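For clarity, chains are labelled A, B, C and D in written order, and residue numbers in each chain start from 1.
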Amino acid sequence: MQNIYYFTPMYRLISIVGGNTASQEESGFAFSLGGLLAGMGFSVVCGGGGGVMEAACMGCAEEGGLTVGILSGEERTAANPFVSLALPTGIGVSRNRMVVLAGEAVCAVGGAYGTLSEIALALQAGKPVCGFGNWDSIPGVRKVSSPQEAVEFVLEMIGEN
Amino acid sequence: MQNIYYFTPMYRLISIVGGNTASQEESGFAFSLGGLLAGMGFSVVCGGGGGVMEAACMGCAEEGGLTVGILSGEERTAANPFVSLALPTGIGVSRNRMVVLAGEAVCAVGGAYGTLSEIALALQAGKPVCGFGNWDSIPGVRKVSSPQEAVEFVLEMIGEN
Amino acid sequence: MQNIYYFTPMYRLISIVGGNTASQEESGFAFSLGGLLAGMGFSVVCGGGGGVMEAACMGCAEEGGLTVGILSGEERTAANPFVSLALPTGIGVSRNRMVVLAGEAVCAVGGAYGTLSEIALALQAGKPVCGFGNWDSIPGVRKVSSPQEAVEFVLEMIGEN
Amino acid sequence: MQNIYYFTPMYRLISIVGGNTASQEESGFAFSLGGLLAGMGFSVVCGGGGGVMEAACMGCAEEGGLTVGILSGEERTAANPFVSLALPTGIGVSRNRMVVLAGEAVCAVGGAYGTLSEIALALQAGKPVCGFGNWDSIPGVRKVSSPQEAVEFVLEMIGEN
C-alpha cells in the first residue's frame, strides 16, 4: 500500500428513461439530450435497450460521453451498440429502480408503463424528474418541450458542479 | 438522427469480491490486482465498499483504470473514495449477484459468507472464478497465490481481446 | 416417495396497494375490500406495512382470509400485526414489483409515488388494475368508488374460479 | 373500522433449499423433512421448482402444511404442483436470498452452486443452517444425516414456540 492517495473524480450520471421503441421525434429528443449532457460533462445512464435508450446513448457517445446501460437480462451482449459500460442485472424490470437511483436527475422521453414506473420510482426517491411526451403531466414532473429545456432543468436542480 | 454510427468500445470489466474489512495481506493483494488489471486495459467492478473493495479500486484508479461500485444502499456517497462510477441499487446484499454478473471473470480475495455467496453465484452463472484465501478450496474455484497468477488466470479464461 | 399425488389447491391472491399512511376513508375502503375478498375465497397480498396495507390485512384476517406481506426489509417482525405470512425481501422499494406480480389483479387505494410505481408495474405486467382515490385517472386504471365495485371488477377480470 | 382487533397468528416458515433435480436419496430426504416439519406446525418455503423443492412441498402438503414457492420467473404457473402459495418475483436467481430470509432456519439438501449461494446468504444473514449432502462441510453448516436430525436441529435453534 502506498502513501499517495488519489481521490478519484466521480462520474456524474443523468438517467434517461423511455420506451424500447420510440417515435422519430422521441428518438431525436433523446439523441440531442444525450449529446448536450455529454457536452456538459455528464454521463448518461439508462436501461441499455433500444428506442429512446439507444438514441440517448448514441448522442452521448458521439460527444465522447460515457454511456452506462443497466440491463434487465444476464448478458452484457444485449446492450445497444452505444453502451460503453454494460451491467447485466438478471432481475428483469426490477432493474428500473436502479436506473433512476443511478442518476442525479431523471429525464423521461415518451414511453409506456415501464417509463411511468421509472418516473414514479424516481419521484419516490426524491429525484428531480422532467418529462417530454406521454407522462409529462404526472404531478411532480417538470414538463419540457426541448432537449435544451431538459438540460436547463437538470442544471437548475443539481447545480453545475 | 445522423448517418454516422459510432460503435462505442465496451469497457471490459473484471469483478473483485472480498470482505468489507481485510487483512493487510488481502488489501495488498487486492491493490496489486486492481493495478495489474488496469494496466492491461480492464476496469474493476466491485461492491463499492471498504476492505478488499477499496484496495482494489485504489490500485485500479492509481493506474488510471475505471472503477465501478455497485452499492447495496441508495446513496452514491456511500461508495469508497476510489470508486469513479457509483451505482446505488437499494437492494442490499442482493446486489452481490450483479457484481459478479458484471465481470467477465471474478477474483475473490479473503472474505466471509458474503464473498462465498458471490463465488457461488458466479460459478452458477458460468463465470471463471479464482480465489486467494478463505474460499480458495471451493470446487470450481482456481486457487491463486499472487495477483500475477490471478491475472494470468483471467487472461487464460477470457482471452486478451 | 409415495404413489398418491396430492394436487395442492393454490391460494388465489389479490394485491392491495396503497400508502403507508392513509386517510380514514382510505383505511375504511381497504378494510372492507380485504373482508369482501376473503369472503369470496381470495387471499390478500400487500407490502405488509401500515396504512392501507394494515387496514386491508385486518379486514381480510377478520373474515378468516390469509394475508401475505412482502416486506421491504429483512425482518419479518416489521410486518403489521394482521399479516399471517410475512416474507422479508431485503430489497427495499424494489419489492413493489413482487407485490403486484403476486396478485391476479391489483387494487390501488390512495397512496403516493410508491403506489403509482406499483400501478405502473402492474399495468406493464398486464395485470388488471382498479383504483380508488389519487391515481384513479391513470390510463388503464379502472376507477372504482366502493369496495363492492372493486370486487366486481376483480371478478369480471379474472373470473370466479 | 371495528373495535375488535384480531392478532393474526403468523405462519412459521422453514426454508428448504436444494437442486432443481435431485437423486432419489435427496428427494426422499426432502419429502420426509417437509412432512415432519408440517407435522410440527411449520410451513415450508422454497424456490418453488422441481427436484428437492418439489419433494419438500409434496411431503409438507401431504401432512396438511402450507407450502410457499418464491419463484424466479414472473408466472405463478411455473410453480411445482405442491406449492399452495406461489409468489413470482421476476428477479431470477436473485430470489434465492428471499427464500432464505423467509425461513427461521434453512435446511439444504444436495444441490449445486445455486444451493451453495443460498447457504452462504443464509449464514450471512445469521440464519441457522443444516445440510445433507453436497455442501454439508461448509463452515457454519450443521451436517445432518436424517430428516429427523434436521428437525431436531431446527427445534434446537429456533425453539418450539
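Here are some notes:
In this text, a residue touches a chain if its C-beta (ideal position, glycine included) is under 8 Å from a C-beta of that chain, and two chains touch if they have at least 3 such contacts.
No experiment lies behind these values; they were computed from the predicted model shown.
Annotation: A-C is the more contact-rich of the chain pairs A-C and A-D, by number of C-beta pairs in contact.
Seen from the C-alpha centroid of chain D, the farthest chain centroid is that of A. Measuring from the averaged C-alpha position of chain A to that of chain C gives a distance of 31 Å. Taking the mean of the C-alpha atoms as each chain's centre, chain A and chain B sit 24 Å apart. As a whole-number value, the distance joining the C-alpha centres of chain A and chain D reads 40 Å.
Those residues of chain B in touch with two or more other chains are numbered 74, 90-91, 93-94, 97, 125.
Taken pairwise by the contact criterion, the protein chains are fully connected, each one touching every other.
Listed in rising order, the residues of chain A touching chain D in the complex are 74, 90-94.
Across the complex, chain B meets chain A through its residues 1-2, 4-11, 13, 24, 27-28, 31, 43, 45, 55, 57-58, 61-62, 66-68, 70, 74, 76, 79, 81-91, 97-98, 101-102, 125. For chain A in complex with chain C, the residues that touch the partner chain are 91, 93-94, 97, 112-114, 116-117, 119-121, 123-125, 138, 140.
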